[in-house]
Amino acid sequence: MSNWLTSLQTETPQEGFELAILLARKGVGYTQPSEDIREKLRTVYEDNADSLIASSQVVAIHYQTIAAANNYWK
Amino acid sequence: MSNWLTSLQTETPQEGFELAILLARKGVGYTQPSEDIREKLRTVYEDNADSLIASSQVVAIHYQTIAAANNYWK
Amino acid sequence: MSNWLTSLQTETPQEGFELAILLARKGVGYTQPSEDIREKLRTVYEDNADSLIASSQVVAIHYQTIAAANNYWK
Amino acid sequence: MSNWLTSLQTETPQEGFELAILLARKGVGYTQPSEDIREKLRTVYEDNADSLIASSQVVAIHYQTIAAANNYWK
Amino acid sequence: MSNWLTSLQTETPQEGFELAILLARKGVGYTQPSEDIREKLRTVYEDNADSLIASSQVVAIHYQTIAAANNYWK
Amino acid sequence: MSNWLTSLQTETPQEGFELAILLARKGVGYTQPSEDIREKLRTVYEDNADSLIASSQVVAIHYQTIAAANNYWK
(Lines give C-alpha, C1' and ligand atoms only; values in the text may rest on other atoms or scores of the structure.)
Protein backbone atom coordinates (compact mmCIF):
# COMPACT_ATOMS: atom_id res chain seq x y z
CA MET A 1 0.00 0.00 0.00
CA SER A 2 1.00 3.57 -0.53
CA ASN A 3 1.90 6.06 2.16
CA TRP A 4 -1.39 6.82 3.89
CA LEU A 5 -0.51 7.48 7.53
CA THR A 6 2.35 9.74 8.51
CA SER A 7 1.12 11.09 11.84
CA LEU A 8 -1.51 10.58 14.52
CA GLN A 9 -1.54 14.30 15.30
CA THR A 10 -4.63 16.22 14.25
CA GLU A 11 -5.73 19.80 14.64
CA THR A 12 -9.01 19.13 16.38
CA PRO A 13 -10.87 16.33 18.20
CA GLN A 14 -13.17 16.02 15.22
CA GLU A 15 -10.33 15.51 12.75
CA GLY A 16 -9.03 12.90 15.17
CA PHE A 17 -12.39 11.18 15.00
CA GLU A 18 -12.26 11.17 11.23
CA LEU A 19 -8.77 9.72 11.35
CA ALA A 20 -10.13 6.96 13.61
CA ILE A 21 -12.68 6.16 10.93
CA LEU A 22 -9.91 5.96 8.36
CA LEU A 23 -7.92 3.57 10.56
CA ALA A 24 -10.98 1.35 11.07
CA ARG A 25 -11.48 1.15 7.32
CA LYS A 26 -7.81 0.49 6.66
CA GLY A 27 -8.00 -2.41 9.11
CA VAL A 28 -10.58 -3.91 6.78
CA GLY A 29 -8.69 -2.89 3.65
CA TYR A 30 -5.54 -4.77 4.56
CA THR A 31 -7.54 -7.99 5.00
CA GLN A 32 -9.80 -7.48 1.99
CA PRO A 33 -7.76 -5.44 -0.51
CA SER A 34 -10.34 -5.54 -3.30
CA GLU A 35 -12.24 -2.27 -3.38
CA ASP A 36 -14.99 -3.91 -5.44
CA ILE A 37 -15.66 -6.57 -2.83
CA ARG A 38 -15.51 -4.03 0.00
CA GLU A 39 -18.01 -1.87 -1.87
CA LYS A 40 -20.35 -4.81 -2.29
CA LEU A 41 -20.07 -5.72 1.39
CA ARG A 42 -20.69 -2.11 2.39
CA THR A 43 -24.13 -2.15 0.77
CA VAL A 44 -24.98 -5.07 3.05
CA TYR A 45 -23.59 -3.99 6.37
CA GLU A 46 -24.60 -0.34 6.17
CA ASP A 47 -28.21 -1.48 6.50
CA ASN A 48 -27.48 -3.82 9.39
CA ALA A 49 -27.70 -2.30 12.85
CA ASP A 50 -25.37 -4.76 14.52
CA SER A 51 -22.69 -4.30 11.87
CA LEU A 52 -22.93 -0.55 12.25
CA ILE A 53 -22.59 -0.81 16.01
CA ALA A 54 -19.57 -3.09 15.59
CA SER A 55 -18.01 -0.60 13.17
CA SER A 56 -18.63 2.19 15.62
CA GLN A 57 -16.81 0.14 18.25
CA VAL A 58 -13.70 -0.18 16.11
CA VAL A 59 -13.76 3.57 15.60
CA ALA A 60 -14.03 4.04 19.37
CA ILE A 61 -10.94 1.91 19.98
CA HIS A 62 -8.89 3.81 17.43
CA TYR A 63 -10.17 7.08 18.83
CA GLN A 64 -8.69 6.16 22.21
CA THR A 65 -5.31 5.84 20.55
CA ILE A 66 -5.58 9.05 18.61
CA ALA A 67 -6.90 11.06 21.55
CA ALA A 68 -3.98 9.89 23.67
CA ALA A 69 -1.57 10.74 20.86
CA ASN A 70 -2.93 14.29 20.88
CA ASN A 71 -2.93 14.58 24.66
CA TYR A 72 -6.71 14.80 24.37
CA TRP A 73 -6.38 18.15 22.55
CA LYS A 74 -5.99 19.92 25.85
CA MET B 1 -20.04 16.88 8.04
CA SER B 2 -20.31 20.09 9.92
CA ASN B 3 -18.37 21.07 12.98
CA TRP B 4 -19.75 18.87 15.74
CA LEU B 5 -16.83 18.19 18.08
CA THR B 6 -14.55 20.94 19.26
CA SER B 7 -13.48 19.64 22.65
CA LEU B 8 -13.54 16.52 24.84
CA GLN B 9 -13.75 18.66 27.98
CA THR B 10 -17.05 18.63 29.84
CA GLU B 11 -18.26 20.22 33.02
CA THR B 12 -19.38 17.05 34.76
CA PRO B 13 -19.00 13.24 34.53
CA GLN B 14 -22.58 13.04 33.33
CA GLU B 15 -22.04 15.48 30.47
CA GLY B 16 -19.02 13.39 29.60
CA PHE B 17 -21.24 10.34 29.46
CA GLU B 18 -23.64 12.12 27.16
CA LEU B 19 -20.74 13.12 24.94
CA ALA B 20 -19.72 9.45 24.80
CA ILE B 21 -23.20 8.64 23.54
CA LEU B 22 -22.84 11.28 20.85
CA LEU B 23 -19.49 9.84 19.75
CA ALA B 24 -20.96 6.34 19.57
CA ARG B 25 -23.77 7.60 17.35
CA LYS B 26 -21.39 9.61 15.17
CA GLY B 27 -19.38 6.42 14.64
CA VAL B 28 -22.52 4.97 13.10
CA GLY B 29 -23.39 8.17 11.27
CA TYR B 30 -20.14 8.34 9.33
CA THR B 31 -20.73 4.81 8.04
CA GLN B 32 -24.44 5.20 7.40
CA PRO B 33 -24.99 8.89 6.62
CA SER B 34 -28.70 8.58 5.80
CA GLU B 35 -30.74 9.70 8.78
CA ASP B 36 -33.78 7.92 7.36
CA ILE B 37 -32.06 4.55 7.27
CA ARG B 38 -30.54 5.07 10.72
CA GLU B 39 -34.01 5.91 12.06
CA LYS B 40 -35.45 2.75 10.52
CA LEU B 41 -32.64 0.64 12.00
CA ARG B 42 -33.11 2.25 15.37
CA THR B 43 -36.67 0.94 15.63
CA VAL B 44 -35.22 -2.54 15.20
CA TYR B 45 -32.22 -2.51 17.47
CA GLU B 46 -33.77 -0.56 20.31
CA ASP B 47 -35.97 -3.57 21.00
CA ASN B 48 -33.10 -6.03 20.79
CA ALA B 49 -31.26 -6.71 24.03
CA ASP B 50 -27.99 -7.75 22.43
CA SER B 51 -27.89 -4.68 20.20
CA LEU B 52 -28.52 -2.46 23.20
CA ILE B 53 -25.73 -4.15 25.15
CA ALA B 54 -23.39 -3.73 22.19
CA SER B 55 -24.33 -0.05 21.95
CA SER B 56 -23.67 0.36 25.64
CA GLN B 57 -20.23 -1.14 25.09
CA VAL B 58 -19.32 1.43 22.46
CA VAL B 59 -20.41 4.15 24.87
CA ALA B 60 -18.21 2.60 27.55
CA ILE B 61 -15.16 2.71 25.31
CA HIS B 62 -15.72 6.34 24.39
CA TYR B 63 -16.34 7.16 28.03
CA GLN B 64 -12.86 5.88 28.87
CA THR B 65 -11.42 8.39 26.44
CA ILE B 66 -13.52 11.28 27.67
CA ALA B 67 -12.91 10.52 31.33
CA ALA B 68 -9.17 10.47 30.73
CA ALA B 69 -9.43 13.74 28.79
CA ASN B 70 -11.08 15.31 31.82
CA ASN B 71 -8.63 13.80 34.29
CA TYR B 72 -11.62 11.89 35.64
CA TRP B 73 -13.21 15.16 36.82
CA LYS B 74 -11.08 15.07 39.95
CA MET C 1 -32.42 12.86 32.08
CA SER C 2 -32.03 13.99 35.63
CA ASN C 3 -28.79 14.40 37.47
CA TRP C 4 -27.56 10.87 38.06
CA LEU C 5 -23.77 11.07 37.92
CA THR C 6 -21.85 13.73 39.76
CA SER C 7 -18.58 11.93 40.49
CA LEU C 8 -16.60 8.83 39.60
CA GLN C 9 -15.08 8.71 43.08
CA THR C 10 -16.25 5.93 45.36
CA GLU C 11 -15.33 4.84 48.85
CA THR C 12 -14.40 1.25 48.02
CA PRO C 13 -13.56 -0.96 45.02
CA GLN C 14 -16.91 -2.66 45.46
CA GLU C 15 -18.86 0.60 45.28
CA GLY C 16 -16.85 1.36 42.18
CA PHE C 17 -17.98 -1.94 40.72
CA GLU C 18 -21.59 -1.11 41.47
CA LEU C 19 -21.14 2.26 39.82
CA ALA C 20 -19.79 0.45 36.74
CA ILE C 21 -23.00 -1.56 36.65
CA LEU C 22 -25.00 1.65 36.80
CA LEU C 23 -23.03 3.14 33.91
CA ALA C 24 -23.54 0.00 31.82
CA ARG C 25 -27.30 0.22 32.39
CA LYS C 26 -27.38 3.94 31.66
CA GLY C 27 -25.67 3.21 28.36
CA VAL C 28 -28.70 1.10 27.52
CA GLY C 29 -31.14 3.57 29.02
CA TYR C 30 -30.09 6.46 26.82
CA THR C 31 -30.71 4.33 23.72
CA GLN C 32 -33.91 2.71 24.95
CA PRO C 33 -35.53 5.23 27.32
CA SER C 34 -38.69 3.22 27.93
CA GLU C 35 -38.41 1.43 31.26
CA ASP C 36 -41.23 -0.91 30.23
CA ILE C 37 -39.40 -2.13 27.15
CA ARG C 38 -36.11 -2.45 29.04
CA GLU C 39 -37.90 -4.51 31.69
CA LYS C 40 -39.36 -6.79 29.03
CA LEU C 41 -35.96 -7.22 27.39
CA ARG C 42 -34.38 -7.94 30.74
CA THR C 43 -36.55 -11.03 31.23
CA VAL C 44 -35.13 -12.32 27.96
CA TYR C 45 -31.44 -11.58 28.27
CA GLU C 46 -31.07 -12.45 31.94
CA ASP C 47 -31.67 -16.09 30.98
CA ASN C 48 -29.25 -15.97 28.07
CA ALA C 49 -25.65 -16.82 28.87
CA ASP C 50 -24.13 -14.88 25.99
CA SER C 51 -26.11 -11.75 26.80
CA LEU C 52 -25.00 -11.98 30.42
CA ILE C 53 -21.37 -12.37 29.38
CA ALA C 54 -21.70 -9.37 27.07
CA SER C 55 -23.23 -7.33 29.88
CA SER C 56 -20.40 -8.34 32.16
CA GLN C 57 -17.97 -7.10 29.52
CA VAL C 58 -19.52 -3.65 29.46
CA VAL C 59 -19.24 -3.54 33.24
CA ALA C 60 -15.57 -4.51 32.95
CA ILE C 61 -14.86 -1.64 30.58
CA HIS C 62 -16.55 0.90 32.82
CA TYR C 63 -14.76 -0.57 35.82
CA GLN C 64 -11.44 0.23 34.17
CA THR C 65 -12.47 3.86 33.98
CA ILE C 66 -13.73 4.03 37.53
CA ALA C 67 -10.72 2.21 38.98
CA ALA C 68 -8.39 4.65 37.23
CA ALA C 69 -10.48 7.56 38.49
CA ASN C 70 -9.97 6.29 42.03
CA ASN C 71 -6.28 5.58 41.55
CA TYR C 72 -7.19 1.94 42.07
CA TRP C 73 -8.19 2.66 45.69
CA LYS C 74 -4.56 2.45 46.74
CA MET D 1 -24.87 -7.99 48.09
CA SER D 2 -22.45 -8.61 50.91
CA ASN D 3 -18.96 -7.26 51.14
CA TRP D 4 -17.01 -9.18 48.52
CA LEU D 5 -14.37 -6.76 47.21
CA THR D 6 -12.25 -4.70 49.54
CA SER D 7 -9.07 -4.33 47.51
CA LEU D 8 -7.63 -4.84 44.04
CA GLN D 9 -4.21 -5.61 45.51
CA THR D 10 -3.03 -9.20 45.30
CA GLU D 11 0.15 -10.97 46.28
CA THR D 12 0.95 -12.45 42.89
CA PRO D 13 -0.01 -12.10 39.22
CA GLN D 14 -1.83 -15.40 39.46
CA GLU D 15 -3.98 -14.28 42.38
CA GLY D 16 -4.71 -11.18 40.35
CA PHE D 17 -5.88 -13.39 37.52
CA GLU D 18 -8.16 -15.29 39.86
CA LEU D 19 -9.56 -11.99 41.11
CA ALA D 20 -10.26 -11.04 37.49
CA ILE D 21 -12.28 -14.23 37.15
CA LEU D 22 -14.24 -13.31 40.26
CA LEU D 23 -15.00 -9.84 38.88
CA ALA D 24 -16.16 -11.32 35.57
CA ARG D 25 -18.55 -13.62 37.41
CA LYS D 26 -19.80 -10.84 39.66
CA GLY D 27 -20.59 -8.84 36.55
CA VAL D 28 -22.95 -11.64 35.63
CA GLY D 29 -24.21 -12.10 39.17
CA TYR D 30 -25.43 -8.53 39.54
CA THR D 31 -27.53 -8.92 36.38
CA GLN D 32 -28.75 -12.45 37.11
CA PRO D 33 -28.83 -12.77 40.91
CA SER D 34 -30.34 -16.26 40.96
CA GLU D 35 -27.61 -18.81 41.58
CA ASP D 36 -29.89 -21.57 40.30
CA ILE D 37 -30.36 -19.92 36.93
CA ARG D 38 -26.66 -19.08 36.67
CA GLU D 39 -25.83 -22.71 37.40
CA LYS D 40 -28.21 -23.89 34.70
CA LEU D 41 -26.75 -21.44 32.19
CA ARG D 42 -23.24 -22.52 33.12
CA THR D 43 -23.92 -26.09 31.99
CA VAL D 44 -24.80 -24.66 28.59
CA TYR D 45 -22.06 -22.14 27.99
CA GLU D 46 -19.21 -24.17 29.43
CA ASP D 47 -19.58 -26.52 26.47
CA ASN D 48 -19.77 -23.70 23.94
CA ALA D 49 -16.47 -22.53 22.52
CA ASP D 50 -17.63 -19.03 21.63
CA SER D 51 -19.11 -18.45 25.07
CA LEU D 52 -15.88 -19.59 26.67
CA ILE D 53 -13.85 -17.27 24.47
CA ALA D 54 -16.19 -14.39 25.35
CA SER D 55 -15.82 -15.20 29.04
CA SER D 56 -12.07 -15.25 28.67
CA GLN D 57 -12.29 -11.79 27.11
CA VAL D 58 -14.11 -10.35 30.09
CA VAL D 59 -11.43 -11.83 32.33
CA ALA D 60 -8.76 -10.20 30.15
CA ILE D 61 -10.36 -6.78 30.53
CA HIS D 62 -10.58 -7.08 34.30
CA TYR D 63 -7.02 -8.37 34.40
CA GLN D 64 -5.85 -5.14 32.79
CA THR D 65 -7.41 -3.21 35.64
CA ILE D 66 -6.00 -5.44 38.35
CA ALA D 67 -2.53 -5.56 36.83
CA ALA D 68 -2.45 -1.76 36.69
CA ALA D 69 -3.67 -1.61 40.29
CA ASN D 70 -0.72 -3.76 41.32
CA ASN D 71 1.78 -1.87 39.20
CA TYR D 72 2.12 -5.08 37.22
CA TRP D 73 3.66 -6.82 40.28
CA LYS D 74 7.03 -5.32 39.44
CA MET E 1 -4.84 -24.86 40.07
CA SER E 2 -1.12 -25.12 40.47
CA ASN E 3 1.33 -22.26 40.34
CA TRP E 4 1.34 -21.24 36.69
CA LEU E 5 1.93 -17.47 36.67
CA THR E 6 4.63 -15.88 38.78
CA SER E 7 5.53 -12.86 36.68
CA LEU E 8 4.40 -10.79 33.71
CA GLN E 9 8.00 -9.98 32.82
CA THR E 10 9.39 -11.59 29.69
CA GLU E 11 12.70 -11.36 27.88
CA THR E 12 11.32 -10.36 24.50
CA PRO E 13 8.13 -9.01 22.91
CA GLN E 14 7.58 -12.42 21.34
CA GLU E 15 7.74 -14.25 24.66
CA GLY E 16 5.28 -11.68 25.92
CA PHE E 17 2.98 -12.56 23.07
CA GLU E 18 3.22 -16.22 23.92
CA LEU E 19 2.42 -15.41 27.54
CA ALA E 20 -0.67 -13.53 26.30
CA ILE E 21 -1.76 -16.71 24.54
CA LEU E 22 -1.30 -18.65 27.76
CA LEU E 23 -3.42 -16.12 29.68
CA ALA E 24 -6.17 -16.30 27.06
CA ARG E 25 -6.26 -20.10 27.38
CA LYS E 26 -6.20 -19.97 31.16
CA GLY E 27 -9.21 -17.68 31.02
CA VAL E 28 -11.02 -20.52 29.31
CA GLY E 29 -9.50 -23.18 31.56
CA TYR E 30 -10.82 -21.66 34.76
CA THR E 31 -14.36 -21.72 33.36
CA GLN E 32 -14.11 -25.14 31.69
CA PRO E 33 -11.60 -27.11 33.77
CA SER E 34 -11.99 -30.38 31.86
CA GLU E 35 -9.12 -30.77 29.42
CA ASP E 36 -11.10 -33.39 27.50
CA ILE E 37 -13.98 -31.03 26.82
CA ARG E 38 -11.63 -28.17 25.93
CA GLU E 39 -9.84 -30.47 23.48
CA LYS E 40 -13.14 -31.44 21.88
CA LEU E 41 -14.19 -27.79 21.59
CA ARG E 42 -10.82 -26.89 20.12
CA THR E 43 -11.39 -29.19 17.14
CA VAL E 44 -14.54 -27.20 16.42
CA TYR E 45 -13.43 -23.62 16.88
CA GLU E 46 -10.03 -23.97 15.27
CA ASP E 47 -11.82 -24.42 11.95
CA ASN E 48 -14.14 -21.49 12.52
CA ALA E 49 -12.90 -18.14 11.32
CA ASP E 50 -14.99 -16.04 13.70
CA SER E 51 -13.91 -18.09 16.72
CA LEU E 52 -10.29 -17.68 15.70
CA ILE E 53 -10.69 -13.93 15.33
CA ALA E 54 -12.36 -13.76 18.74
CA SER E 55 -9.50 -15.76 20.25
CA SER E 56 -7.01 -13.42 18.65
CA GLN E 57 -8.85 -10.53 20.25
CA VAL E 58 -8.48 -11.97 23.74
CA VAL E 59 -4.77 -12.41 23.05
CA ALA E 60 -4.58 -8.77 21.96
CA ILE E 61 -6.13 -7.57 25.20
CA HIS E 62 -3.75 -9.60 27.32
CA TYR E 63 -0.86 -8.44 25.19
CA GLN E 64 -1.69 -4.85 26.10
CA THR E 65 -1.28 -5.76 29.76
CA ILE E 66 1.95 -7.67 29.28
CA ALA E 67 3.49 -5.03 27.04
CA ALA E 68 2.75 -2.36 29.64
CA ALA E 69 4.19 -4.60 32.36
CA ASN E 70 7.41 -4.79 30.37
CA ASN E 71 7.49 -1.09 29.56
CA TYR E 72 7.05 -2.15 25.95
CA TRP E 73 10.51 -3.82 25.99
CA LYS E 74 12.12 -0.46 25.35
CA MET F 1 7.58 -20.86 16.03
CA SER F 2 10.59 -19.02 14.76
CA ASN F 3 11.74 -15.60 15.84
CA TRP F 4 9.16 -13.26 14.37
CA LEU F 5 8.88 -10.35 16.83
CA THR F 6 11.93 -8.68 18.28
CA SER F 7 10.63 -5.16 18.84
CA LEU F 8 7.46 -3.09 18.95
CA GLN F 9 9.34 -0.03 17.70
CA THR F 10 8.58 1.11 14.18
CA GLU F 11 9.75 4.01 12.06
CA THR F 12 6.33 5.42 11.24
CA PRO F 13 2.69 5.19 12.39
CA GLN F 14 1.90 3.28 9.22
CA GLU F 15 4.56 0.64 9.84
CA GLY F 16 3.12 0.36 13.33
CA PHE F 17 -0.27 -0.28 11.81
CA GLU F 18 1.17 -3.00 9.61
CA LEU F 19 2.81 -4.56 12.65
CA ALA F 20 -0.60 -4.54 14.36
CA ILE F 21 -1.96 -6.52 11.43
CA LEU F 22 0.86 -9.02 11.81
CA LEU F 23 0.11 -9.42 15.52
CA ALA F 24 -3.59 -9.96 14.81
CA ARG F 25 -2.72 -12.71 12.33
CA LYS F 26 -0.21 -14.31 14.66
CA GLY F 27 -2.93 -14.47 17.31
CA VAL F 28 -4.83 -16.66 14.88
CA GLY F 29 -1.73 -18.57 13.80
CA TYR F 30 -0.87 -19.78 17.28
CA THR F 31 -4.37 -21.25 17.66
CA GLN F 32 -4.63 -22.65 14.13
CA PRO F 33 -1.06 -23.45 13.06
CA SER F 34 -2.00 -25.00 9.72
CA GLU F 35 -1.44 -22.50 6.94
CA ASP F 36 -3.64 -24.56 4.63
CA ILE F 37 -6.63 -24.34 6.95
CA ARG F 38 -6.05 -20.64 7.61
CA GLU F 39 -5.93 -20.04 3.86
CA LYS F 40 -9.20 -21.90 3.38
CA LEU F 41 -10.85 -19.93 6.19
CA ARG F 42 -9.56 -16.67 4.75
CA THR F 43 -11.50 -17.21 1.52
CA VAL F 44 -14.64 -17.39 3.66
CA TYR F 45 -14.20 -14.54 6.09
CA GLU F 46 -12.72 -12.04 3.65
CA ASP F 47 -16.12 -11.89 1.98
CA ASN F 48 -18.00 -11.54 5.25
CA ALA F 49 -18.51 -8.00 6.48
CA ASP F 50 -18.86 -8.90 10.15
CA SER F 51 -15.69 -11.00 10.12
CA LEU F 52 -13.80 -8.16 8.49
CA ILE F 53 -15.06 -5.70 11.09
CA ALA F 54 -14.06 -8.10 13.86
CA SER F 55 -10.60 -8.46 12.32
CA SER F 56 -10.29 -4.71 12.12
CA GLN F 57 -11.11 -4.56 15.81
CA VAL F 58 -8.28 -6.89 16.74
CA VAL F 59 -5.94 -4.71 14.70
CA ALA F 60 -7.21 -1.65 16.56
CA ILE F 61 -6.43 -3.23 19.93
CA HIS F 62 -2.91 -4.16 18.89
CA TYR F 63 -2.43 -0.72 17.41
CA GLN F 64 -3.10 0.80 20.83
CA THR F 65 -0.23 -1.23 22.22
CA ILE F 66 2.16 -0.42 19.41
CA ALA F 67 1.31 3.28 19.40
CA ALA F 68 1.98 3.46 23.14
CA ALA F 69 5.25 1.57 22.64
CA ASN F 70 6.31 4.23 20.16
CA ASN F 71 5.15 7.13 22.29
CA TYR F 72 2.62 7.78 19.55
CA TRP F 73 5.46 8.68 17.13
CA LYS F 74 5.58 12.18 18.58
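All chains are identified by letter, namely A, B, C, D, E and F, in their written order; residue positions are counted from 1 within each chain.
We take it that a residue touches a chain if its C-beta (ideal position, glycine included) is under 8 Å from a C-beta of that chain, and two chains touch if they have at least 3 such contacts.
For reference, the UniProt names are A, B, C, D, E, F = Peroxidase.
Worth saying up front: this structure is predicted, and the values here are computed from it rather than measured.
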If we look at chain D and chain E, which chains touch each of them? none
Set of chains adjacent to chain A and to chain F: none
On a CA-centroid basis, which chain has its centre farthest from chain E's? B
Quote the value, from 0 to 180 degrees and to the nearest 5, of the angle by which the CA atoms of chain E must be rotated to coincide with those of chain F. 60
Chain copies touching (chain B, chain C) - same or different residues, decided at half shared: different
Computed over C-alpha atoms, the centroid farthest from that of chain A is that of chain D
Taking each chain's centre as the mean of its CA atoms, chain C sits from chain D at a distance in Å of 15
Whole-angstrom distance, CA centroid of chain C to CA centroid of chain E, is 27
Of all residues in chain E, which are in touch with two or more distinct other chains? 48, 50, 54-55, 57, 61, 64, 68
Treating touching as the only link between chains, describe the layout with one word: line, ring, star, complete or other. ring
Which chain D residues qualify as touching chain E in the complex? 12-14, 17-18, 21, 46-50, 52-57, 59-61, 63-64, 67-68, 72-74
With touch defined as at the start, can you tell me which chain C residues reach chain B in the complex? 3-9, 23-28, 30-32, 37, 41-42, 44-45, 48, 50-51, 54-55, 57-58, 61-62, 64-65, 68-69
